[in-house]
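Some structures are shown below for you to check.
Below are two complexes that have subunit A in common, paired first with subunit B and then with subunit C.
After this line comes the complex of A and B, so read on.
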């Protein structure tokens, strides 16, 4: 076995040093009551040739771009990843290192994460971003737990236009505790209805997604004012951070915490994970933040260097009083996002963001002209809801056969929205692709 | 000692990203604009974030230079206790990058995602077989989320029986994340001390285990690298008193093919794919922390679950007692693919061999170093062994100094000051992928350092001297935090 370097002679000489007769003898401390009686029944070992064949076979049955034109977003987005990102990200010094507990020999990861914290905080218009969370959903759940800690109140209001899976994760995280979650309905224009908010007492946080699950840009300024009037924090979430290349950032509109999914920033879709939980807030809240933080300091010779810091918030120091139990996060994905944002630059992210918006607008307008109903009139980014004619399921299946995935049906998530589909367009779709889609839909 | 691995070469400086670049540079290739500009209303827009403008060459040199300041398993021996820093096979990264996997949208119609669903289904079955448990959820994104999932399952189980216990037992040799994971579930962790042999005694559990206790979280092998030899008795006792047993499987690399967690009676066990199943740690993640359960907890597993019928695979969410979702989609699938590829490459025979060699390596180090460094529990260990700095105290040399000096010799230090149950702990987990030559080098280095501690302790106090940076001022970093540039 090529991963196991021991020769028989070495094993024999090591057993002699250890004072054991055989490899099995090493396990004398394992009592019979804990032992396996037989071997493990697993498939026979594969060599690289057979493994490659087997895995390629599995992979080939899955629909993926560019062969398929996938107009689904809903929390996972197809964006072009510059070759530089996977190339640099495969540097084994980044890939095969552990959490940077020993800073002197981890300065590469530490500086990269400090850069990630800086760029992601700038993107969200906030002062401090942590070293990453697992994904957008758990980042939102942790943000709400943090708001409950900060305000010492017991209730949170959650927009029904937050990604349904994110809301489900929030419920899971809060289930064992006595906190109350109130779901806010949405308005006919596709934004969250905040009118019932003022009746909610003991409010710790208002949670809103923008752009929301329907792609609609929410009035975060109005949400912030309302939340703050009631002594609550505004927690915003997002699934498409590229929007903030042109759309005002949550921090600039008054969000106290912004926590969402960063997969769009140079990370492959990978059937939903690993992605990147981004978590940012104001410095006044930093000691209540979950997750790791990298800080700038100096070494014994006064030279600039980086360390993990404010660890007294964390599980390995504060134990059960920690701000979170998170330990391993999605560090390598954060480094990928840093590389991606570095490639884009200030002008690149503006141009790319505008192009994404314009392509989606093109498809939206074409579908509208073709007689489809655009369900919500508010401005959107990258995604929008279309009411399809009754019986569209058949056409949807026919389009699959033509290697087109015509959006995501919303009925599962919003039973009232029968025949409504959520469409997503990014820079990866050409005008020609979209013209073909419209032609197929109306034909 | 001749031919020391650690040396100094040309180490390049590299500024922060925003200290380089020029406005107007770009490192990104945009597609042709084939649609018209459609401006958003001005009150919604901003000029965008203040990112530095860099060329592609700027970006490539920047991150290449940064990477050279890091040390990974591919660089050298990384005996970080309880972290299982084994070699990460490269073929697994290739599989995860296959277009059908890396390019798959998570909400594809199920008929278009059969291969990846099948892989997840088979991985669940293989992990169930390896652990001896009945059912598996791959959804938790890391070990700590696996722990949280386990606690949520235990909570839901008790709730379904109309019980609401408020406490959970956590031994002093458990992993550091355990108390925080329990607290997220509203449980108050009650510490249980290990005995003079470094393991839990049935009697000490019996004293703490009452009706208001949900169960116990046991790390096995524990963080002293010892097998909990009274495990079966503890499990039976906890069960008899209405509690459940949570197994922290972060140290499973010691017992593949040896231990049957199911027969032992564990109710839930989490695994770390980024430890035992060789997926790279990425400088702090992404990992994956699947949970394996017995039949009694299966109804509560997270949704969606992958199910198989007549050779077709589907995601199914209609389990009324489920604790819900832990992840926006299905967990870290890219990590699952690597672990699947590893298990298919190893097969049963090599997985067991890996555990045997991991345990052999740890015992070899323990025997070779126990006359040099104080060994608080002198008995056969599993995959890791724990020394202390007691023998070096006379020279005013501490564990931290020994760890830092090891860097100058070209090794990553062991885990230090953990477990807390040992003062000045030096916790060494070599893993099975280190050869005897590598171990001998590490042992030579640690022996040389012990000599230096006597003859020239300042060498240790000043260490490291060969890294990119000398020791860093962590106190000021925490007092006056600078967390963004």
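After this line comes the complex of A and C, so read on.
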């Protein structure tokens, strides 16, 4: 499908048909306070070579892998993407894979989404996954709204170790509602403090991220037991689904909904987006699940076919009573994740997951031996927090000049954690890279 | 869909404009949807029922009924406390299509104001109402 802007003649003929004198006349229903007055101060248009130079200039201001050795994760992860993924993804059938409005015409797209659902549900240890959502943050917010629908209660408890951006999106979703969000503090070992949970009445959901923002693996089993004791759902989130190659899946530990970010699974970091919202739950809750769902069936002649199912609960049919205002999915990113997961296979994901963990442990141990303080004692996956000596900012800038990004400062999000840096190590870092980093840090 | 003359509307039931029926049995009222409603909806695949013990007033939503075509709200024909729900239709929602007045019933309500029954239609009034809907 091509995108072509309207010509002045086309606009004029359409205005005549609807009986509007001008575009301003057409938009007269929009209150004046919401309309822009005066022209827009945009730069002059550029020709193609000048535009390319401009974009190259912008991109040179960004410290991106592989030119830089990036030890920053915090929600966006540098993983090697096998060549087969971008190659297959560039096929025009997939590139134009917006969920079609005559869905059953597009059996290939539906089958790809169906495979995505199967692989995601398996990775998370749950029974059903939707066709995907925008990103991890909106998937978490939708999961909490779903828990409120399922339990018909009005309070949710959110761990303070959920990605700070995810928590902000949850706040935005819930601010106009009568529901209440309670933030749970964290313990000295880097896990969520659940001790205040039992005092919370009318609890619809407990939301926990694992591995959490500090990279620490949470006790999801314990969290599930506590939530279920109070008649609440356990909603888990994640930013690094690759962890579930070796860490027990949220579903197997009692999560009722698992919703998080799937960028790790074959999607480039791209300066922070687009992402992939993965959303899975138990079959008993399927009718309260937001988004779309592809099912497999047989036609009148017994041939296999794929269909959109449970669409009667989506907003184009049920309007304001829909389970969600999201009536689409991130197809291209979901298809990329499908290809990535299928390409690695179960054993590949396990091996890659182990490699991430082992490499991160290597750097953690080297830094510890070099005299750095590892802030939290609990087990981690491919990220961990290190307390740096005061005045580390200067060294951080020097390392940046040498094209090394030495983690993410946590002070911005957790003001008490001065000089604490979150480090991430994926398969892309070699032993030499890490030895160099440690040498530079202690020098 | 059937003609109205082909549909069943028992005499001892009362009917609401939203197509629920109510059948008083002592101080209890049993509630379901009419033959017309199930016929309009088509094959029913899921019924969502309220929690026992909750209270609702006349006109409040008490659940949803989902067919292959649409999801529709269920409204209380009279107000009161939900005494019991028909668990059988959660497993076998097709009973609502097959026997809307018997095994396809939905909830039993403890009536809070018996006067509200007077606001419902008898068989003849409901038939007249349906004919007004369907030219």
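Definition applied: the second predicted complex is superposed on the first by the 377 of 443 C-alpha atoms of A that agree within 3 Å, B and C clash if a C-alpha of one lies under 4 Å from a C-alpha of the other, contacts with A are read in each partner's own complex, and residues count from 1 in each chain.
By our rule, a contact is a pair of C-beta atoms (placed from the backbone, for glycine too) under 8 Å apart; a residue touches a chain by one contact, two chains touch by 3 or more.
Predicted model only: the values in this text are computed from it and were never measured.
In the superposition on chain A, A:269 makes contact with subunit B only, not with subunit C. Using the contact criterion defined above for the overlaid structures, shared-chain residue A:118 touches subunit B, although it does not reach subunit C. Of the two partner chains placed by the overlay, only subunit B lies in contact with A:165; subunit C stays clear of it. In the superposed model, A:321 makes contact with both subunit B and subunit C.
Judged by the touch definition given at the top, the superposed model places A:401 against neither subunit B nor subunit C. When the two complexes are superposed, the chain touching more residues of subunit A, out of subunit B and subunit C, is B.
When the shared chain is aligned, subunit C comes close enough to touch A:313, but subunit B does not. Put simply, subunit A uses residues 312, 318, 321 to touch subunit B in one complex and subunit C in the other. On subunit A, the positions that touch subunit C within their shared complex are 152, 287, 312-313, 317-318, 321. Residues of subunit C touching subunit A in their complex: 46, 48, 51, 66-71, 73.
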